[in-house]
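Here chain A shows up in two complexes: once beside chain B, once beside chain C.
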Partner chain A sequence: MGLIQYIVSRVGAYLIVLFVGVTITFFLPRLMPSDPIEGYIAQMQNQAGQSMNPETIEELRTSMRKLYGLEGSIVDQYVDYIKRVFISFDFGPSLASYPKPVSEFIFTALPWTLGLLGTALVVSWLIGNIIGLVAGFYHNSRWATLLEIFGVILYPIPYYILALVLILLFAYIWPIFPLSTTILPGPITWEKINSIIYNSFLPALTLVLAGFGWNILGMKALSFANKEEGYVTFARLKGTPSRTIMFSYVFRNSILPQITALALSIGGVFNGALLTEILFSYPGLGLLMRTAIGSGDFNLLYGTIIMSIVSVATAALIIDLVYPLLDPRIRFR
Partner chain B sequence: MIKLNNLVATYTTERGQVNAVDGINIALPSGKIIGIAGESGCGKSTLLKVIYGDLIYPLALTSGNVEYGFTGDRGTEVTTRDIKEYWFRRISYIPQASMSSLNPVIRIRRQFVDFQGNVVDEAKILAEVREYVRSLDLPAEAIDAYPHQLSGGMRQRIMVAMGTFFKPDIILADEPTTALDVVVQKSILMLLMDIQEQMENTILFVSHDMGVHYQLTHKMLIMYAAKVVEFGDSEDVFSTSLHPYTKMLTDSLPTIGDDHIREGVSGRPPSLWDELVGCRFAARCPLATEICRQQEPALLEHKPGHFSACHHADQV
Partner chain C sequence: MKMNFRLKLGIFILAFFTLGSLILPLFNDVDPSQQGTYFKNLPISGDHLLGTNTQGQDIFWYLVYSVRNSLILGVGVSIFTTLISAVLGLSAGYIGGWYDRIIMILTDSVIAIPSFPILIVLGTLVRGNTNFFILGLILVIFGWAWGARTVRSMALSIREHEFINTSRFSGSNTVEIIFQEIFPYVFAYMVVGFINSILFVINTEAALAVIGLSKVEIPTLGSIIFWALNYNAMFIGQYMWIVAPVVATVVLFLGLFLTSTGYNQMFATRRGHA
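Then we have the complex of A and B:
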């Protein structure tokens, strides 16, 4: 059974990626030259003034060793770490906002990142590919050339430049969107949803435009090449309507490599999203990560890193699992 | 009767224009299997494209037209002008045997019904398709498969079914079995022959295999350098050919019990880019004389129904 093999291999690769990622985040802090615990204790002492007595400090040291999983042999530490991360999603407490657990921060931030990134990715990919399809399919028409030029211009612009230009244009010179994200706390109401959309529009737009160029150019090249395939010629000679040829023949075949490309590019897109959040003070994982770095909150930092790995790997897995739905050669091997 | 009236078809390339069909003027009888043979590059595929009416850049019909010998929906005779409206219903096309003519990602039954014009009742048409496929002794489930699930032979049989489903008046087949092994090839040709016998369509069949032509065709059309050099009943063309080029082609056919060394086809046809004076075959022809090098021979009916374009047709 080809399909089962395919699924097993994808899920296997997924688990390996997660495992390797988590393992790296386990060893990374242990390879650091300075001892973060002592650093923290010094920092906390500063914050608390001189009021901490030595017992508290010793207690803190032990509990922090425990929190960091630094008790016992390195093998014990590793097993314990893996168990905590994979089974209970426990990344320990935040060190900057002790004792609030890191996972709490992460689960508040995650929906923002996933919402922003997911929407931007889907919109950019769908519209970019449709534009690319039209540009490739009607490559002789002037409109198609215009669409392609749009892609050619967008493609090489570095993301941060694009984002800054958009911020400058639409939040400063012509302030139709807010400069940074402010969302009222409280329960979900229509008003709140509106405010979320209003605040998310510009960051999403930068992400959409950033992905556009690549999607347009990729799809243009693919559909242009696909038009020369024997089955497209044969369909034309059958008298198949041009619209059917464009969608059922050219699009359905050219989209397959684009799906693979999407799965491969998702890591890069995630990086872009982290930057977006910082630029727009958008309350997602990226901003959280920056806060963690700013305040030296190691638990939070490694928690966000692991969560990023999980998100990217899961998204790629989902795309890989959707692929066979569109390619019968994998479904019925 | 399919009338090819003074067809000149031109490819526009970066180097300029080249006539790949250069003045073909002949009437082909209906209801027959007509074989088309000639060396690579002589314009067989181009002629089929012109007859099919598939005139898209870089190919254009510079002069002439085709009259198809049937009347269309408006009651007028169908010609090159409106043949496109009848694609696959009255004139169809069977491509080369290969994976590449079927869309790999949609089911074959969908590809059966996405012909032109809106299919009003898809379920009904599909039932008819199934019935038809079964009547050809093919498994009806084959149309529910994706192309990659069928063998090359089965795919090509399905292509034959597709190309004949509407009982078209004319079927064009450009080397429909080249990529297949001999046994499969034979069974597909038999299928095509059976269908033709029942429906009495006109089949234009291009192949490099003179043996296949000999077995399959009623009429033979021999092309050389963008022109027709001989046309007649297959029997006559094979046994009492009236053109030295045809002789050259058929002499390369092996026959049982014959052990003298075959000459094969020596030399090469002239480039269509050159200015061609006189008989285009003259440079390779054993019978060529002065007149051949100066004057182009016309395609004449030397015997009833047997045409040849040769100054020395009587000596062949």
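Then we have the complex of A and C:
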């Protein structure tokens, strides 16, 4: 029964996170002191040289309130918003390229973000954890110290700095990679796949490097603690080769907290991915947000944000659901 | 108590940045964000330690004010996030039950929700009309959760100790137990949490500023990079404009990180388990 209880509690937490996230997204902007519609009207009036008459302004205000979903009391708006997001998955039309629906933009951008983020996350998690394992297991060697210093220096560097340094080094000083992303249109061919890899390399490298420090330091501490455990001493006395001890004993036990930490850190990594996409003009959700901000397209902006919350929560849920496969204690509780 | 190498190096870096950015402005009466104060594109010299940029601003002085403002914002916001996470974490861990469950649902949700997209919306809405106070308030909303989570798990384990029962049977009430018995144990961690929070705040503000959604008229470690990118500093070979803030950010963040892990290590050793 332990497993079923585990799954139910995880799915429950998933739904709560979605709900709280969507609720915060709804209420926070409404608590802000500025009203985007009044701002927009003021801007239009300035452009028209204050020549608009009050009736036109009032008409404009009503039609814009309708367009933004701002009619009725705040409770009505909230219920309507929740209904649209969770039941019909409808974010309305894009305001900048009316009447193309927002969801169309999102589903074009989403595969790029997921592909970039997924690849980078897997690569940095695997390599980072292996480096951390070696550094923790042979903690007395000089190599281990060097690897740890590498982790300590890399860990606190923020995403945008890594992205800028890589752009500076490999797109300006030694221009072997493109400055911003340009991907061939048309059907999937070898040429197109090549161009995708070529254009995605630097953004992916940014995310991999940013994840490295955290993975190395976390795994180093865990494997260092685990290698002092009784069962490791027993295996050593039994004559188990040290490589087997490292992978089958220490790694197997150290990896579990690292998986939990991965699920918790996905939100932060996703934040970094959005910023990286913006800096590299990579055609994912991050760039879409940037476009939406630039054109004042609030429907598109809200759509991308809800989609971000949904993808992050879903990724964390998937990790949580894979966890029992690796931890027998949950399966046989 | 013996300070380890990490902590010493970290405190040295932090002292360098804090004292430098607080004291140096006393000897300068030129507003660094004023454009056209000096000739454009001057090379590095005794008068302009890092040269001037295409807007005729002195890069060194702009950087000094940026570090100062970022540090002030970081410390100011972190005082509040640390207080909130201490109160919520301690009470949730000690009181337990439904109260704990509700606080934890809220905490885990704030951790799991990607904050950056929401910050982008808020940044877009208040753009131009924002001030440092509102920006700080928004950062507080997203900054308290990690700390609260850690404090709560510590309070949860301390609650089981014998001296808590002793204190309760001696007539202490919940508030007294939380602040007199549990708080001293959590304090060392709160220092670590406070420093980590400074890192988070400076980083988040800078990330927003780099894409132009903070108050970019005020020099911060992010807005200096925003202007450099905006005026294509790299394209026209003004490398110092972008390299200087990048190096300063990396060293400052390294200092914060070394201080927090070094301090943690020192207290772990003192508590008897490394």
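In the analysis below, the second predicted complex is superposed on the first by the 277 of 333 C-alpha atoms of A that agree within 3 Å, B and C clash if a C-alpha of one lies under 4 Å from a C-alpha of the other, contacts with A are read in each partner's own complex, and residues count from 1 in each chain.
Following the convention adopted for this analysis, a contact is a pair of C-beta atoms (placed from the backbone, for glycine too) under 8 Å apart; a residue touches a chain by one contact, two chains touch by 3 or more.
Bear in mind that the values here come from a model prediction, so they are computed numbers and not experimental data.
When the two complexes are overlaid on chain A, chain B and chain C sit side by side with no clash. When the two structures are aligned on the shared chain, A:T304 is found in touch with chain C, with no touch to chain B. Measured by the number of chain A residues touched, the leading partner among chain B and chain C is C. Within the superposed three-chain model, A:W143 lies out of touch with both chain B and chain C [touch as defined at top]. Once chain A of one complex is fitted onto chain A of the other, the partner contacts of A:F107 are absent, as it touches neither chain B nor chain C. Touch criterion met: A:F270 reaches chain C, while chain B stays clear of it. With both structures placed on the common chain, the touch criterion links A:F27 to neither chain B nor chain C. Within the superposed three-chain model, A:Y160 lies in touch with chain C and out of touch with chain B [touch as defined at top].
With chain A used as the common frame, chain B approaches chain C to a shortest CA-CA distance of 15 Å.
Interface residues of chain A, counted against chain B in their complex, comprise 229-231, 233-235, 237-241, 244, 248-249, 252-253, 256, 326-329, 332. Residues of chain A that touch chain C in their complex: 13, 16-17, 20-21, 24-25, 28-29, 32-34, 36, 152-153, 155-161, 164-165, 167-168, 172, 264, 266-268, 270-271, 274-275, 278-279, 289-290, 293, 301-302, 304-305, 308-309, 312-313, 316.
Interface residues of chain C facing chain A in the complex, by the touch rule stated above, are 105-106, 108-118, 120-122, 124-126, 129, 134, 141, 199, 203, 206-207, 210-211, 213, 222, 225, 234-235, 239, 242-243, 246, 249-250, 253-254, 256-258, 261.
By the touch criterion stated above, chain B contacts chain A in their complex at residues 52, 54, 84, 87-88, 93, 95, 98, 100-107, 110-111, 114-117, 146, 148-149, 162.
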